[in-house]
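In what comes next, subunit A is part of two complexes: it sits with subunit B in the first one and with subunit C in the second one.
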Partner chain A sequence: MKYNWNWGVLVEDPYLFWLLSGLEYTLLLSLSAWVIAFSLGSAIGVSRTLPLAWPRKLATAYVELFRNVPLLVQMFLWFFVVPELLPADLGRWVKRDMPFPEFWTAVVCLGFYTASRVGEQVRAGIQSIPRGQYIAALATGLGWMQAYRLVLLPLAFRLIVPPMTSEFLNIFKNSSLALTIGVLELTAQSRQIENYTFQGFEAFTAATVLYLVITMIVMLSMRWMESRTRVVGMIGTRR
Partner chain B sequence: MFGGFDYDVILRSLPILWQGMQLSLLLTGLAMSGGIVWGTLLALMRLSAFAPLSVAAGAYVNCFRSVPLILVIFWFYFLVPLALGRPVGPFYSALIAFALFEAAYYCEIIRAGIQSIPRGQVLAAEASGLTYWQAMRLVVLPQAFRNMVPILLTQGIILFQDTSLVYVVALKDFMTAASVVANRDGRLVEMYLFAALVYFLICFAGSYGVRRLQTRVAA
Partner chain C sequence: MIELDKVNKWYGALHVLKDCSLAVSRGEVVVICGPSGSGKSTLIKCVNGLEPFQGGRIVVDGVSVGDKATNLPRLRSRIGMVFQHFELYPHMSALENICLAQVHVLKRSRAEAEARAMELLTRVGLTDKARAYPGNLSGGQQQRVAIARALAMDPIAMLFDEPTSALDPEMINEVLDVMVGLAREGMTMMVVTHEMGFARKVADRVVFIDEGQILEDAQTEAFFAAPKSERTVLFLSKILEH
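Up next is the complex of A and B:
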């Protein structure tokens, strides 16, 4: 195996900047998408447990649709197909005038995709709460909205911190798919460094290490949050 | 808005799409088999009482689970020809990348499956004179795998969706074939909607089947 090592390439002029800007895009993209995923996902999760048929069916259809189509296909649909199907004026705006079209398309795509997975976690969290809690809430005179807001959701969100951590980690990893529509995030930048310098080892190692660091930071902070929000005496919080 | 929808382009490209689908399925099947075999070994290593083995397997699993699949595909697309000293084409490097990557996920599933077998089974096997490998092969793994079949298949469906990522190394699977036709004929809307529909039908049918199986296994 012949290979010319040159770790110095990582701190050379444009390449260090490429890596850092890639890291910045990965973080910005993932965190923006998480805002959509968390809010929409919570709404979907709640809808799937409601006693009303229509929201429940709609939310189930949403989850099935977004979970059974590969993320790459969804990325292409949002980027190439959706602007064509929009009303003419809006489509023209998306294609011509929208700022950073690749970036915002990737944010929307990743957000909507992850929302279906977050929704499943929220639903599981709500369903893991003993039914008596909900009945007791209704018996004390709360409406179902109040019961969700004051009793079920505060408990559910605290119970699902561990599975939500892995969804949160997934969004960082999945953000790499944005490179297929031209967002120069971390993976794309490391590939570009490889193409320009033939130093694949160094470039991919740098990206790998940065992803590992992101994972570690997320894990540590979520573990801290989990210890702060633990519900004492509930199922699923043994340990 | 569907006025200009060209169904004909889909019909015309069916042969090339079918070739792509065969490659997708082949890649899924091979990577799944490789991933399950290597994942089982990793799971046994992780559960080993010998610390260096369990630490090494743990590090492997955590590393692979922390990085995006696309980066792993790039890694092996770059590494495999370098290690062998000759070009091998994207199929083999992608296959190795998928098998090694999926093994990390299968390892965690299989480890949980093995741990769900009551400890008494292992003790009884040892008491009846079986060696470690015999106990695993004849007593623990058959029971563990029986319980795990639905989860392993679900992971297989996820793997099938993930094979679309070979697009990044221009390997002609179903997705790449659809994309080639889409760009050649300028029919992005038709081809990508059709690709989404095909993936949806396969994965939806697959997960429905797994759910049926799950209720049968549980009963």
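Up next is the complex of A and C:
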């Protein structure tokens, strides 16, 4: 195979701009989706540990649904099917007037999907705390919501930093699927550079390196956070 | 102050408490003993509504615990509880453990709560451990912090569920000393324990419970001198052997 290497293409106008804009979309998409995933996922994880039947069943159904349908299928469902199912006015707004429809659809899709996975981590974290902690919190007069907010969740989040790190990393990797509905994120831009310049190796190498850099930054900051919040004397934690 | 009247409780088909009646008046110290699995923990958890019960009545300071309208968190905030396994929050320092409910339940200011916490840490002999985390404290120290955490709420009564049975022998006394101090100050206490030395020293009454039934409820001296039921005699002979 004969291939004309040209790394210079990566810093040429407009290709450098495309790469950077792709990176920006990847970051914005992933971080916005994470906000949904983290808050919704926490609520779902908590619901799955409550003695109340309804919230627990709803949360379980949510997890089973979103975890078991392939993400790519979910992306298409959100983009092509959901707007048709909405009430007429809202559907029209989503299809015609919503700004950046591809982007926001991808945010919601990725956020809801990752929420099901975050929910499972949060549930496991809460359930790994001895029940006596909850009883003790109630015994001092805290209500059950206070006991969750002040004792169980802060403790659970400390225990699940490693699995949450990998969920957070997954969201960056999964964000590349947004290209299928037309979001010009990092992978899509690399492909576009390839189409225009035929320098696919350079373009995708650049994308790979950028994904790796994101991964490294996330891992280092999570490791720093883990060492800051480590619980003395708990299983799975070191001093 | 604490009255149980024919309390019955089931775990599914298991009848754990059978017609338990018991009264603890203000300032009284009552020790509860009995074999493992006899229902002591269950009984004491019913007193502050941590376990629901199906029959009978429990009244604490005029408040009916089993009543649906009762504000249980409010009632619990007035009753201190100490557990076998301490149950300190492992991600908080000793000081934060003692301040949490003061701030979020009693709505004391941070400064007020900390001042009260330091006072109590001094009282249990742990002034220098305020910033230490539970994982870095010995069992005896953790239990003393747990007692301080309960006292910080200025409770009208204290419940203890085998507070020394998870401790190494050399640490038992440092915890018992704190409890003796409390008893002598007139705190109303219900104490599940097998420490008969403690019972003899400060208990007004001793209650023996077996298979969910209160078999003996007597003044301390009478309890040891002339136990009525055969099973009490047997139980005492077993635990006093060692």
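Assume the second predicted complex is superposed on the first by the 237 of 239 C-alpha atoms of A that agree within 3 Å, B and C clash if a C-alpha of one lies under 4 Å from a C-alpha of the other, contacts with A are read in each partner's own complex, and residues count from 1 in each chain.
By our rule, a residue touches a chain if its C-beta (ideal position, glycine included) is under 8 Å from a C-beta of that chain, and two chains touch if they have at least 3 such contacts.
No experiment lies behind these values; they were computed from the predicted model shown.
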(request) Give one of first, second, both or neither to describe whether A:R191 is in contact with subunit B, with subunit C, with both, or with none. (result) first
(request) Answer with first, second, both or neither: which of subunit B and subunit C does A:P51 touch in the superposed model? (result) neither
(message) For A:P99 in the superposed arrangement: first (subunit B), second (subunit C), both or neither?
(response) neither
(message) Looking only at contacts as defined up top, I'd like to know whether subunit B or subunit C touches more of subunit A.
(response) B
(request) Scan A:L142 for contacts with subunit B and subunit C and give back first, second, both or neither. (result) second
(request) Please work out whether A:V231 is in contact with subunit B alone, subunit C alone, both, or neither, and reply first, second, both or neither. (result) second
(request) Based on the superposed arrangement, let me know which partner A:R158 touches: subunit B (first), subunit C (second), both, or neither? (result) second
(message) Just checking: does A:T208 make contact with subunit B only, subunit C only, both, or neither of them? Give me first, second, both or neither.
(response) first
(message) Per the contact definition, I'd like the list of subunit C residues that touch subunit A in the complex.
(response) 45, 48, 50, 73-74, 76-79, 81, 83, 85, 87-91, 100-101, 104-105, 133-136, 149-150, 153
(message) Touching residues of subunit A toward subunit B in the complex: what are they?
(response) 1, 3, 64-65, 67-74, 76-77, 80-81, 84-85, 169, 172-177, 179-180, 187, 190-191, 194, 200-201, 204, 207-208, 211-212, 214-215
(message) Residue numbers of subunit B touching subunit A in their complex, please.
(response) 1, 63, 66-71, 74-75, 78-79, 82-83, 85, 161-162, 164-165, 167-168, 175, 179, 182, 188-189, 192-193, 195-196, 199-200, 203-204, 207
(message) Please output the residues of subunit A touching subunit C within their complex, sorted ascending.
(response) 130, 132-133, 135-143, 146, 150-151, 154-155, 158, 229, 231-234
